[in-house]
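Dropping a structure here in C-alpha cells format, bear with me for questions.
All chains are identified by letter, namely A, B, C and D, in their written order; residue positions are counted from 1 within each chain.
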Amino acid sequence: MVDLSVNLSGLELDNPVIPASGCFGYGEEFSELYDINILGSFSFKGTTKEPRYGNPTPRIAETSSGMLNSVGLQNPGIEKVVSEVLPRMSGYFSKKVIANISGFSIDEYVYCTEKLNGIPKVGIIEVNISCPNIHDGGMSFGTDEKSAYEVTRAVKAVSKKPVYIKLSPNVTDITVIAKACEKAGADGLCLINTLLGMRIDVKGRKPLLANKTGGLSGPAVFPVALRMVYQVFETVDIPIIGAGGISSAEDVIEMMMAGAAAVQIGAATLKNPYICKEIIELLPAVAEKYGISSLKEIIGAAH
Amino acid sequence: MSEKYTVISNNVIAENIYRMVLQGNTEKITKPGQFISIGLDGFFLRRPFSVCDLSADKTTIIYKILGGGTKSMSSYKKGKELDVLSGLGNGFSIEKSGEKPVLIGGGVGVPPLYLLAKRLIEAGKKPSVIIGFNKSAEVFLREEFEALGCRTLVSTIDGSAGIKGVVTDALYQYDYDYVFTCGPMPMLKAVYDNTETGGQFSFEERMACGIGACMGCTCKTKYGYKRICRDGPVLEREEIIW
Amino acid sequence: MVDLSVNLSGLELDNPVIPASGCFGYGEEFSELYDINILGSFSFKGTTKEPRYGNPTPRIAETSSGMLNSVGLQNPGIEKVVSEVLPRMSGYFSKKVIANISGFSIDEYVYCTEKLNGIPKVGIIEVNISCPNIHDGGMSFGTDEKSAYEVTRAVKAVSKKPVYIKLSPNVTDITVIAKACEKAGADGLCLINTLLGMRIDVKGRKPLLANKTGGLSGPAVFPVALRMVYQVFETVDIPIIGAGGISSAEDVIEMMMAGAAAVQIGAATLKNPYICKEIIELLPAVAEKYGISSLKEIIGAAH
Amino acid sequence: MSEKYTVISNNVIAENIYRMVLQGNTEKITKPGQFISIGLDGFFLRRPFSVCDLSADKTTIIYKILGGGTKSMSSYKKGKELDVLSGLGNGFSIEKSGEKPVLIGGGVGVPPLYLLAKRLIEAGKKPSVIIGFNKSAEVFLREEFEALGCRTLVSTIDGSAGIKGVVTDALYQYDYDYVFTCGPMPMLKAVYDNTETGGQFSFEERMACGIGACMGCTCKTKYGYKRICRDGPVLEREEIIW
C-alpha cells in the first residue's frame, strides 16, 4: 500500500491532489459528477471583498497544449461566500477547503481574511497576489518583492489560519518574491499562477480575448512551473503547493520531486472534469512503478 | 455526463457543413437545445455542438468547418471513439411555447431547432420555421423540416435560395405567438428587435469547462450573471441584456 | 499576388520567414535538404568570442507542445566562423545572414561585432542577451534594464551593421528592457528567446537535463511570445522580429499582426526540417484567405 | 530525407518489444547502423530508431516500450502513415572490419546489428554475435542471427536464458579480430574495457533535430566534438572519450 497522505502546515490531506482555484468553482458542479470527498482538498474560486462580474467575454482562448483565460475574478463576494456558499458546501464536501482570496488593496485581503477566520470549513487561506487579469493593480502585488512582503505581513497579522501565498510566474526571479513572503511569515506558498499570454483573431485583426491578454495555463506551462517550484524549494523552508500544467499521475510525482508538498490541478480539470478522480485512482500504481511507498518521502527528491 | 460516443457516420451535407451521427448513451440529453462537448485529439479544449437529433442510443450533430478543430473532425471515420460530455446546458423549455411558435435559425444555429421542432410537434404545437444562410450552397435541413410537416422558409443573403435577405425579412409571412431562435449574435439581436412575443434565444460563447465551473462563458442578464454553458445557452427574451 | 516582402532596417527580405538561431546551425545541413535561398534570411547559431563545447548532455528534453534545450552555446568561436564558416556559406546561401552573437562580458560582444563589421554577408547583428543556459552571467544582460542598455550602447558604438537585440522572456516587464535597448540605439529587437524550464526524470529522481534547467520553446510558448511582441510594439518604434512557437503560416500572420516585422522559427524547424519551406509556400494562399495583399501592411494590425 | 512510411505490420516479439515493418522509399538508407526518426501524433519531438532490416521498399525497426512515445507506437495499426526522416547518421563502416568480427548488442542496441551482420556476410566476413538481455522473456533476434549462419551467444542478467551475466562474460568464447557494438552506455564501456581490437561503437543521445543542426546531441571525442545524430551514432574505438 502506497501512502498518499501529505501534510500542509498541520492540515492532513489524504492525498496531494487539489483542484486549483478558478477551475472548480465552489465544488458544487463537480459534486454532481463524483464524490469529491476523495480529493485532498480543493481551492475555491478567487474571492474578493465585493462581488465581481469580471472581464467582458470572450474570456477563453485555446493554445497549443493549453488555454488562456481572462475571467477576471468573477465571484459573488466574500459576504455571500461566507453566508451562503460555505454553509452549503458542507452538504457535498466534508473536508476542509482552501480559501483563495484576491484583492485590489491590502485592506481587501485583510478584510476577506477576517471574514474567513471564524469558518471551521476553511483549512488554509490562499492569498492570490498574482492574478494577471486585473488591470487595476491585482497583479503588481505578486511581481514586486516589497508588495508581496506587505500583503503577506498584513494577512498574517490577522489570520487565524495557515496563510499560503500564491505567486505569479511573470517575474524575473521568483525566488526573490518567495523569500519575501517567507520573511513576512507566510506558512506556505502556492505556485504558479498563469503566465500572461495572448492570441489574436486573425480574421478580425484583434486580440481574441476581450481583455486582450489572458493567463496561460495547461500542460504547456508545466516545465516553467516545475522549474519555479524547484528553484523556490531551494530558497525557502515552508511547504510549496505546486501548480501549472499538471494533468497526470506522473506529473504529480514529477512536481513533488521538484519540491511540491501537494499539487493543484487547474486547466486539466476544465478539459476533463473527472481528471482529479482519475489521478487519485492511478497514483498508487504509478507510485509503485517508481518504487515510491510514501508520497511524503519524494518531496524534493530531485534535489 | 462523460460518455464514449462512436462515430456512425460523418458526411458532408452542404458547403463545409457535416452531419455526424454518434452512437452512445444519450440519457443525459433531456431537452432540445442542449449540447454535447467533444474532446478532439491534439486540441486542448473541447468543442461544443448542439444536439440536432436524438434517439435512444444515437445523437446527431451538424457542424461547420470553422477552424482547426472542426476541420480535424471532418476527417473522422466511422468507428472512431470520442470522449464526450453529454447533456450540457438548460435547453429550450417547450412548456412555455405558444400554439404557433416560429423557429428561427441562422447557419449552424439551425441544428438544435430540428430536435426542438420534433418535440414541439409531439407536444401538439404547430411550429413554422425560418432558416437563413449566406447562399444556396450552404442550405441544409430544409427538407427535414418540411418532412416534419413544418412550413419552412429559407433566406439567403445573396438570394441564391429562398428569400433574398435575412431571416427577419421572412417573418411577416407568418402568424406566430412565440419565438425560438438560435444563430449568430447579430441575427439574435435582429430577431429580438423585430419580434414582440415571448421567446427563447440560444447563445454561443467561447467555453472552457462547459459545466459551469470556470466562469469562462458568463453573460449579464436582467436576472443576474448567467453561465451560457450551464444556465444557458437558452435565455428567455425578458432577461436578455444586449 | 500577395506581396510577402518585408524590410528590416534597410535589409529587404523576400519574405518574413527566418529560421531562428540555434535551430539552423550555419545553414549547411538544411542546404542539403532544399534550396535555402527561398528563405527571407536565417539567423546563425549563437557565436561567442572563444569556441565553446557547451553544456554536458543530455541537453534536450521533450515537453507538451514544446521542448527544452540546454545546449549552452556550442559554437566554433567567432574567429573560425569568420574565417571558415562564412566564406563557405556563400556556396549555399546567396542572401545576407543574421549573425547571432553571445558573450559573457560587454567586451566579448564588442569583439564579435568588430569581427563581423567587415563581412558583407552579414546583414544584421543579432545580440543575444538572453540565453538562459549559461551559468556565468550571459542571462543577466537580458533581465536587467541597465545591462541591456550598456551592451546595446557598446555594440552600437562599434557596429557598422544594424543591431538587433534579442530579449529574454524571463522578466517581469519586457517593455522596460525593450525601451532601454531602444534608448541605447538598437536598430531593432528580436523576441522571445526561451523560457526557463525544467523536466525531472522520475525514475532517476533528478533533473532530466544535465544542466538541470533549459530553455523552453515550441508551440507551447507562442501565446507568451505573442503577448510580449504585442506589448513591445506599443512601447518602441523600432522593428521587432517575432519568435516563439511559430509553426504555421497562420502563426506567422498572427505574430505579424501582434507587431512583428519578420518572424523567426526555431523548435518547429527541429521537429520538421522543411517547415520554413512549407510555410513560405503556404503564405500566399493563407494571406489571401484573410484578405491580405501585402504582409507589410499587417504589421501591428491587431492594435 | 523526409518520407512517408506506411505501417505494414507491428507485432510484439518479446516482453514490451515490438517489430514494426514500414513500407516506403528506403534509398536514403545506405549503411547498417543508420537510423530513422519518426514523428508521432501528440509528441513534439521525433523518436529515433535504428534500422534493423531493409529491402528496396521496406524498413524494419525493433523497439521497446519505454515511455509515452513508444507506448503510443505500439498501438499503431497496419496502414497508418508515418512522417519519417530516413537514412540518418553515419552508420557502421564494414570496410574497416576484420575477417572475424564480433557483434555485441544489448537490449534495444541489438537491432542494428542484424542488418550489419547481413552486410558483413555479403562482404564475405564471418561475424559472430553476442546479445545480452535482462531475462529470457526479453530475448529477441536470436533465431534470426542463427538463420544467417552466425554463431550466436545470449547472455541474461538473471541467467534465465543463455549465459548468466553480461555480454562481456561471453567474449572469451570467441576468437575475433574486430568489434561492432551497440547498447546502453555501461555495456559499451564494458566492451571497450574488455576488448583490444579495433572496433566501432554505436551511441545513443537525446536528440531534437536528428540532422546535425541543433547541437543537442554532441559528445567530445579525441577528434573533436561530434554530433551523435550526424557524425555518429557510430564512433571508432580510437576516438572515444568516456
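The rule is simple: contacts are C-beta pairs under 8 Å (C-beta built on N, C-alpha and C of every residue); 3 or more make two chains touch, one makes a residue touch a chain.
None of these values were measured; they are calculated from a predicted model.
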Third chains touching both subunit D and subunit B: none
Touching both subunit B and subunit C (chains): A, D
Centroid-based (C-alpha) most distant chain relative to subunit B: D
Whole-Å gap between the CA centroids of subunit C and subunit D: 36
Centre-of-Cα separation between subunit C and subunit A, whole angstrom: 34
Intercentroid distance (Cα basis), subunit D paired with subunit A, Å: 46
Residues of subunit C engaged with two or more neighbouring chains: 61, 63-66, 218-219
Residue list for subunit B, restricted to those that touch at least two other chains: none
Topology of the chain contact graph, where touching chains are joined (line, ring, star, complete, other): ring
In contact (per the touch rule at the top): chain pairs: A-B, A-C, B-D, C-D
Subunit A contact footprint on subunit C (complex, rising order): 61, 63-66, 68, 143, 170-173, 195-200, 202-203, 205-207, 212-213, 216, 218-224, 226-227, 230, 245, 250, 253-254, 257-258, 290, 298, 301-302
Subunit B partner contacts - residues on subunit A that touch it in the complex: 22-25, 29-30, 33, 45, 53-54, 57-67, 69, 71, 74, 218-219, 267, 269-274
Residues on subunit B engaged by subunit D in the complex (per definition of touch): 41-42
Subunit B residues touching subunit A - in the complex, by the definition given at the top: 1-2, 39, 43-46, 83, 85, 205-209, 211-220, 225, 230
